[in-house]
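The chains carry the letters A, B and C, assigned in the order they are written, with residues numbered from 1 in each.
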Amino acid sequence: MALQYLLSGITKGSIYAVVAIGFNLIYSATGVLNFAQGEFVMLGGMVAIMLAQLGLPLVVAVGAAVIVVSAVGCLLEITFFRKLRHHSILHMIIITIGLSIVIQEIALHIWDEKVRSLPYFTGNEVSSLKFFGAAISPQVLWVLGAIAVSVVLLHIFLRYTLQGRAMRACASNPEAAMLAGINIPNMRTLSFGLSAALGGLAGCVISPITMTHYEMGAPLAIKGFAAAILGGLGNPMGGVIGGLTVGILEAFAVSRLPAAFNDVAAFVVLLLVLFVRPHGLLGRPGGEAVREH
Amino acid sequence: MERPAFTDMAFLEVENVRRSFGGLVALDRVSFTVCRGQIKGLIGPNGAGKTTLFNMVSGLLAPEVGQIRFKDRTITGLKPFQIARLGISRTFQNPSLFLRMTVLENVMVGRHLRSRASFLSSSLRLPGQVREEQHIRAEAWRHLEPLGLAALADRPAGSLAFGQRRMVELARALATEPELLLLDEPASGLNTREKADLNQVIRRIRASGVTLLLVEHDMALVMDLADDIVVLHNGTPIAHGPPATIQNDPNVIQVYLGGEPDGIPPAGELNLKWTRPR
Amino acid sequence: MRFLQCNTPFATFAVLAVVTQLVLRAAGMEYCLTQLTMALYYALVVLGLCLVTGHAGQVSLGHAAFFAIGGYTSAFLTTHDFGPLPEPAWATGLKQARVLIEHSDLYGGTALSVSPWAAVVVALLLTFVVAHLIGYPALRLKGHYLAMATLGFGLIVSKIVVGTAQLGASDGITGVPEWPLGFGLTVSGRRTLRVENYYIACGLLLLTLVLLRNLIRSRVGRALQAIHDRETAANAMGINTAAYKLGAFVLSALLAALAGVFFTHYTGSISPSEAGALKSVRYLALAAAGGMASLWGVTAMSVILNYLSLRGFFGSYDNAVFGAILILIISLAPEGPLKPLGQWLRHGLNRNHHPRDETTGAPPGASDGAPRIH
C-alpha cells in the first residue's frame, strides 16, 4: 500500500518537478518568477486534445502542442517582459498572475468548462502493470519516462552545448555575458520557450491520468513554485528533488487527512521550509531569501 | 599639531575579533581600543577588512570569535538598532540614503531613536506626538544647517550629487546624537574643496565631544585628523600608534610601497601622499 | 489655511460621497448603493496593503485570508448555536452581559449565539494573534519568498475554510445577523437601511484614511519608508526594522479583518471565495494599480474597479477583464494611472501657492508621495 502511495506521489511529483524546472529556468535567466507557468501545462494538454480530436495521430498532436505552447511562451516574453526588465518584483508578480488569469479565461472561452483528456498512449485506463505488488498504469511509465528524458536532455543542453552555457552565463553574470557577445534578450526568450515546451509536454503526458481542465494551471503553478523553493530557487535540477518531495508528501497526506485538506499538508511544509530553511533543502544559506534587494 | 593625551579608560574595545566569509578569513586577531574624545584612524589596503570591522562594530555582522565592548558593555550579538541606541552611529562607504525621501526626511529618520511616538499615537495625532514631531523637525534642521544642506532640505535624496549625499548621510548620523561615530571612507569621491570642508566638519564634530573612528584612504586627511591610527593588512593589525610613528613604521611602508618580505605583491591601489597639504 | 490644505482631500471625499448618493437617488438608482458599499469595504483591505506594501515595502499575497478570518469568525460565532449551556455562574454571566444572546433559528426554535459586538472583538483578537504568528517568521523573508509565504498562508486558510463543515464548507455561512453598532446605527443589508449603511461604510473608510494619512506622515511612517528604501541603513539608524514591519503587517491584517466583519454583517453571509488566492491577488493588484503608496489613488482605483466588477460590468469575462486591466496598467503606467494626474494637479496648484513646510510637500489632490515599491 505504501508503495502504491509512493508511486502516485512520484507521478504527481514529476509534474511538479517539470513546473519547478520551468520556474527555475525562467527565473535564473530573467529574474521573473512566472506564475503563469502552470498555464503552459494546461495549454499543452488542451492543444494536444484539440489536435487529436481533429484526427491527427497522437505523436503529431503532442509534438505540435509542444511547439505551439513553446511559441506562446516566447511570445509572452517578447510582448510583456522585454520592456519591463527593470520593473520591481511586485510588478512582475502581478503581471505574471494577470497573465495566468487571462490565459485561463481565454482557455475557458475556447474550450469551455468540460474536463477533457488525451487517450492513453498505450493500453487503456484498466490496463496495469504489476510492480512489487503495486499496480501501475502504463501511462505512469510514459509520464516518468518522458519527464526523465526531457530533464536529462535539458541538463545536457545547459551543461554541454554552447547555447545552454550561454544561458547559464546570462543567469550568473549578465554583464559579462553581454560583453562576451551573448545576445541576452534572445537567451531570455529562449528560456521562456524552453520552459513552456517542458510544461506543454508535461501537460500532454499527464492528461490521460489527471485530465485536462482550464483551471488546472494555477494549483500546479503554486505547487511547482513550492517545489522550486524546496529545491532552492534558481537551481533547475533542485526542482526535481523539490517536485518529488511535494508529490510524495501530498500522496501520503491523502492517506491520512480528509480529502479537503490534502493540499494543506503540502503548504504547511512549504511554510515550514520557508521559515526554517528559506534557501531550500539543497541551497546554501545566505542567499537572496533574506538578503536586502 | 599638538595632540591631546588620552588617559581615559577604553571607550570602545575590540578584542581578538575574527570573521571569515566562506573559506576566506577577512579579519583575524584584531584588537584595539578607542578612547573617549579621540579620532581614531583605520587604514589599510582594499580588502584589509576595514569595512568588515565597521560592520561588526555596528552590528551588521557578528564576529565568530572575540568581543567588542562599548563603554564597558559587551555589544557583540546585539542588533544594529540596539547598538545605535547605545550611541554608536555610522555612515556607509556608498552613501546609503533613503532615496525616495527628501533630505530633511532623511535627517528626521536620524531622530528616530531620540523620539517615541508609536503606531497608535501617530495615527491619532495625540498632542504629545504633534509636539514631538515639531521637535524632530526642528532638530533635523539644526543638523542640516551646519553642513550647508538647508537649501537642499526639500530635494529628494535620490536627486543629489554624490558629495551632497555624503554630507546628508553625515547629518543623518549626527542627528542620532551619537557618542561614537563611525565614518567609512567619508572623503572618497569628494573633490579637493569638499575634502577641505569635510576636514573642518570632522574637527567640529570632535570638538562637540563625539569620538570618531575613521576609515579613510586619503592619507593626507587621516594623518591630519587622526590622533591615533591602526593599520590593517590582510585582516590583521600590523601597526598601531600616532601618525608620526605610523608614517615611519617599516612594516607599514613595506605594505603600502614595497611588497612584502614574504613575497606578497604590493597592495598597489594607493599612491601615498604622506605629506600633509600645507 | 494649513488645516484646510491638509484636509481638502478628506472634505472632497465626503462631498463626493454625498453627491453620489444624491445623484443615485435622483436617478432612481439607489440599488447601486449596495455594491458601492461592498466596494467601500473592499477598499479597506486594499488600503491596508497600501501601508504594508506601498510604504513598508512588504509584499503580501495573503490578505484575503485575514478578510476571511474576520468574516468567518464573526459569522460563525453569531450563527452557531452554543446552547443549551450548562448553568454555572460564568454562563449566566455571559448571558447577562449580553455576550451570548438568544435568537430564533431557522426552524423556529431558539438558539444561543454570541452577540455581534462580542464576535467582532473575538474576530479582531484572533486576527491579531494569527497575523503575529505568520508575520513574525514571514517578514524575515524578502521579495518572491515573502510573496510565496503569504500566498501559502492564504491557501491554507482557504483550504481550511472550504474543508470545514462547521464553516459551511463550499457554501459558506449564511443568515449572519445584523450588527447594531449603537447610536441608532445598524450594519445590515435591509433595504430600508441601504443609505444608512452606505454612509457607515463611507465613514469607516474616511476614518481609516485619516488615521493612515497621519501615520504615514509621522515618525512611524518615515521608519516604514526607510525600511522600504534601505533596510540595513534603517536598522543602523536605530529603527527596530523587524518590529516595524510586523506592526505594519498586523495593522493591515486588522484592517482586512475589520472589512471582513463589516462586509459579512452587511451582506448577511460569507463564502469561501472571499478567502481565495484570487481575492488576495486582486487586492494587491488594485493597490498596485492605484499607485501602491498613494492613499487616494489606491482608494479610487479599488472602489471604482470593485464596484464595476460587483455590478457585473465585466460580465462573464470578469476575471479576464480584471487581469487584462492589471496587465495594462502595470505595463503602461507602472506607478498607477493617477500619478501623472497627480503631478499635473501639483504643478497647477504650486503655481498659486507654495506649501513649503508641509510634511511631504504634497498638495491636496495629489498622491501622497512617489509610488514606492521595489
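The working rule: a contact is a pair of C-beta atoms (placed from the backbone, for glycine too) under 8 Å apart; a residue touches a chain by one contact, two chains touch by 3 or more.
Just so it is clear, the model here is predicted, and its values are computed rather than measured.
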Q: Quick one: name the chains whose C-beta contact count is the highest of any pair.
A: A-C
**Q.** Central chain (distance from its CA mean to the mean of all protein CA atoms)
**A.** C
**Q.** Length of the line joining the C-alpha centres of chain B and chain C, rounded to whole Å
**A.** 44
(Q) From the mean C-alpha coordinate of chain A to that of chain B, what's the distance rounded to whole Å? (A) 49
Q.
As a quick test, compute the distance in whole Å between the mean CA positions of chain A and chain C.
A. 34
Q) chain C: which residues touch two or more other chains? A) 230, 232
Q: For chain A, write out the residues touching at least two other chains, lowest number first.
A: none
Q | Touching two or more other chains - residue numbers and ranges from chain B | A | none
Q: Provide the residue numbers of chain C that touch chain B in the complex, in ascending order.
A: 211-212, 214-215, 218-223, 225-226, 228-230, 232-241, 247, 251, 356, 360-361, 369-370, 372
Q. Tell me, which parts of chain B touch chain C in their complex?
A. 58-60, 79-81, 84-85, 89-90, 92, 96-102, 105, 108-113, 115, 117-119, 122-125, 129, 132-133, 136, 154, 156, 172, 176
Q | Complex contact set, residues of chain C against chain A | A | 53, 59, 61, 137-138, 140-145, 147-149, 151-153, 155-156, 159-160, 162-164, 169, 230-232, 277-278, 281, 284-285, 288, 292, 317, 319-320, 322-324, 326-327, 330-331, 334, 373-374
**Q.** Partner chain C, residues of chain A touching it in the complex
**A.** 33, 80, 83-84, 87-91, 93-95, 97-102, 104-106, 109, 218, 222, 225-226, 229, 233, 258, 260-261, 263-264, 267-268, 270-271, 274-275, 278, 288-293
